[in-house]
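Following this message is one structure expressed as structure tokens.
Going by the order they are written in, the chains are A, B and C; count residues from 1 in each one.
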Amino acid sequence: MSGNLEQPDLSRSPVGPGAEGSPVVDRDGGDFAGPGRTLRADALRRLRKNKLAVAGLVWIIIIILIAITADLWAPRWLGDPIEIDSATVSERTLLSPSVEHPFGTDKLGRDIASRVIYGARVSLIVGIVAVFIMVVIGLIMGAIAAYYGGIWDSLIMRTADVFFAFPYILFAIALIAVLGKGFQNVFIAIGILGWPSIARVFRSSIMSVKSNEYVDAARAMGASTRRILLRHIMPNSVAPIIVYATMSVGGAILTEAALSFLGMGVQPPSPSWGLMLSEARSFMFTAPWLMIYPGIAILTTVLAFVLLGDGLRDALDVKLKE
Amino acid sequence: MIGYIARRVLQMIPVFIGVTILLFILRAPGILPGDPVKMITGERAISQTLYDQIVEKHGLNKPIYVQYGRYLGDLVQGDLGESYQKGRAVTDILFSKFPNTLKLALAAIIVEMFFGIAAGVISAIKRYSFWDVLVTFSTSVLVSVPVFWFGMLLQILFGIKFKEWGLPYLPISGMSSAEFPTSVHILLPAVTLASVSTAYAARIMRSQLLEVMGQDYIRTAAAKGLSAGRVIWGHGMKNAMIPVVTFLGLDLGAMVGGTILTETVFNWPGIGLEMFLAIGQRDWPIVMGGVIVIVLMVMVINLLVDISYAFLDPRIRYGRKVA
Amino acid sequence: MPPLLEVDDLHMHFFTRDGVVKAVDGVSFTLESGKTLGVVGESGSGKSVTALSIMRLVPEPPGKVVSGDIRFKGESVLSMSDKDQRKLRGNRIAMIFQDPMTSLNPVHRIGKQIAEPLRLHKNMSRKEAWAAAVELLAQVGIPQAEERARNYPHEFSGGMRQRAMIAMALACGPDILIADEPTTALDVTIQAQILELVQEIQQRTESAIILITHDLGVVADMADHILVMYGGKAVEFGVADEIFYHSLHPYTWGLLESLPRHDVDDKGALCPIKGQPPSLISLPPGCSFHPRCAYAQPICSTEVPPLVEVERGHYSSCHFAGDPDFVAQFVAHSCYVGGPREADG
């Protein structure tokens, strides 16, 4: 921004006597200026205001609920996602959408809506578990690198650089080629590949906080290392991780879809959105609806996570000008 | 500047070595679960004698470092092994397809450059307008779209539906045909490949231009009496473009990496399609060979982009201060 | 003959989401050729915004001229078309900014940046403009100008950059040069050089100068007139000597008091003005300065004092400016320049 000391900062009211609600907050959650607002409450308030993020969150919750309760109602009302009803199969293949089968049926007579719903389970599990793995590994690596510095730092960061040199999909393909195709290996692969980004973010977070003045101030007050770590470093470093993790769930879902599409991930007959798209290719001319619904499912779910992540980032960014 | 280039090259070397180590770990025995012999022959059942023969031939029973040395040696000579199924050297197979992949990636970058920069500039200039909101939102959406699905949608719309409706339509498969030359065949795949990156490029262009426009030297330019257009173009863009160009360059690398999905959808005869077919056949040497080739290409491109940065930014080109 | 520049009761407000920022709330002054006006005040007093308004560089949303006028050679700048305004900028009225590092475009050569206004306003060819630019660099005291013109800003030192900015501003021979805190970002030793340079230029070209600063010391030598601003308003205006030796406003007294004194050995305390500058969104009622004024009376918190010509050519906006006893308080008080020091409280 302008280097001129003079110009009023036009996007937020100048702080001074009479200025209201200056968000000067003690990181520990208490406050010492302005009306009593904590960082967390501030963030939640901002998040709530962001309609897109809220919409994303709502959609995610809906999908989770649908996925969890699916067993109770989907097979009965829609049809089993995996089992083939050999008695009626020839009459039920490739039906276009109707009341009975809202998304139509696939080449083996299975209800697509049901498969899409069960596919949600796959995607969500992969997304969440993979991100969990990558966050755990990433946090540990990032913490070691930042805290011990020196050779550990170089080693870990160099390794991260190596991982970064690989295009993601290719690395996942290579890893799965070795480990074997299948559901479990997908989230293991994604989790293993994702740690460098988290580690980097966490590490730079720690390092910037470490050199920040209020850590020195705390130290001058005699706070122990552990206290500093817990009460000063962690809360500030956590925010970007939360944002990144949220968006990574979306990315993980996309990666799983891509891998399954290529035949490296979930294997038939299990329902996976990516797999369904791959199966739909042969019927593009005759039954285009086969590919629409799984695609929409992927799009909306990932979008929900992306919007939520965006919203979280805006909400947690203390420096953001409102 | 020579110093800058030298430093960049030197920095790349340990990464390069790390990459080869990582790739080696993936196929070496004992480190990861999986049978390295399978990596060579595919997953057919083979006799024990054949198994032992292969172990001998490829030195799979030697100590790790010996194997790594051999591997590195092969790599340097350009030997990526042999496709067991096809009986040809992996290198031959891949390099014959390589130019096609490159063509596609370049076409995609051009698309991205055009649309990404234009969209970014417009949304920065007309901030908060309908257009800006549209661009910002659609970039969020594009990022969430599975690339291959997007390709399939384009295929259905422009290839099938347009044909049905009697509109001029586009080819959706292969690199050339009786009806259309390559330049037309490349359209849909290029747009597909570019789609996600264009979203990012627009975002970056927008945020860079906005940041630059807030700088003091823009105010100085206005104070000299330049019109708004001249200020944006002559002063703003030149600064904002530097990181964008860098991004585009890096993206070229990422595109080369991501072609596998697009080539599969459009039957584009490049490295990606080869790899996809190989996956179906469990022809692992091709798969791993493809990975290696692409990774190395990406690294080289990244290095070149890094170096070109020095030419673009005079602060790096002329680093020394005059007293 | 109309004055070269006339600012007539200017009110420039910013309409933000948090409220209306009254950045400039009643400023008037005139400027003649060859004269220097010093505009003094703390951060947030509205001095820069006033200058930017003259150049019409204030972004129009959220800024807006609510009332008042600015006239250049009798013609209203505010009612000019965009095109006409641009003809003035960099040409007849030029401005140099506080931080030369960020104010110069890092990817253009210095010569090119200096040549730019010449090519724009004087229609010079690239060669002619470049030659003129080199000449200008030499005039502002940069050695080996021919080579230096080919450098980029980051290759120059801070003082050199500011000289380059001055060259850029002078390129078209402007009638008015506005210098917004030209020395604040520079070392003390360089500051003096730059100020000397500016003075020298004025003697040569007869242009008028508006020198904006928060430091009274900077204008001490150079200014013919001084305008003191506070909270967006003009609080005192007059001939420089009058302001220094016979000021009629408590804020100016405060500024004078807070000047560190170099000439006396006595290790007296520094006398800063108590308190903080006011928020321009919610100014105090009555006189904006009254919460910090040591001499405030009840009326100060209720009535806004108007800017009044108390003595010939000397304006002040203090209710008691015309009261000699009131003014005498200051002369008798503590650290006043030229007055007795507060040795015995």
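Here is the rule we go by: contacts are C-beta pairs under 8 Å (C-beta built on N, C-alpha and C of every residue); 3 or more make two chains touch, one makes a residue touch a chain.
Everything numeric in this text was worked out from a predicted model, so none of it was measured.
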{"item": "Chain pair with the greatest number of C-beta contact pairs", "value": "A-B"}
{"item": "Farthest-lying chain, centroid of Cα atoms versus that of chain B", "value": "C"}
{"item": "Rounded Å distance, chain A centre to chain B centre (Cα mean)", "value": "23"}
{"item": "Computed distance of Cα centres, chain C from chain A, in Å", "value": "52"}
{"item": "Residue numbers of chain C (touch at least two other chains)", "value": "97, 99, 102-103"}
{"item": "Overlap residues in chain A, where contacts from two or more other chains coincide", "value": "3-4"}
{"item": "Chain B, residues touching no fewer than two other chains", "value": "216, 219"}
{"item": "Sites on chain C touched by chain B in the complex", "value": "55, 57, 86-91, 94-95, 97, 99, 102-108, 116-117, 120-121, 148, 151-152, 154-157, 160, 165, 168"}
{"item": "Chain A residues within the chain B interface of the complex", "value": "1-4, 158-159, 161-163, 165-171, 173-175, 177-180, 250, 254, 257-258, 261-264, 274, 277, 280-281, 284-285, 288, 291, 294-295, 298-299, 302-303, 305-307, 310"}
{"item": "Residues of chain B defined as touching chain C within the complex", "value": "215-217, 219-227, 235, 238-239, 242, 313-315, 318, 320-323"}
{"item": "Residue ranges of chain B in contact with chain A within the complex", "value": "14-15, 18-19, 21-23, 26-27, 32-34, 39, 140-141, 143-149, 152-153, 155-156, 160, 214, 216, 219, 253-254, 256-258, 260-261, 264-265, 275-276, 279-280, 284, 287-288, 290-291, 294-295, 298-299, 302"}
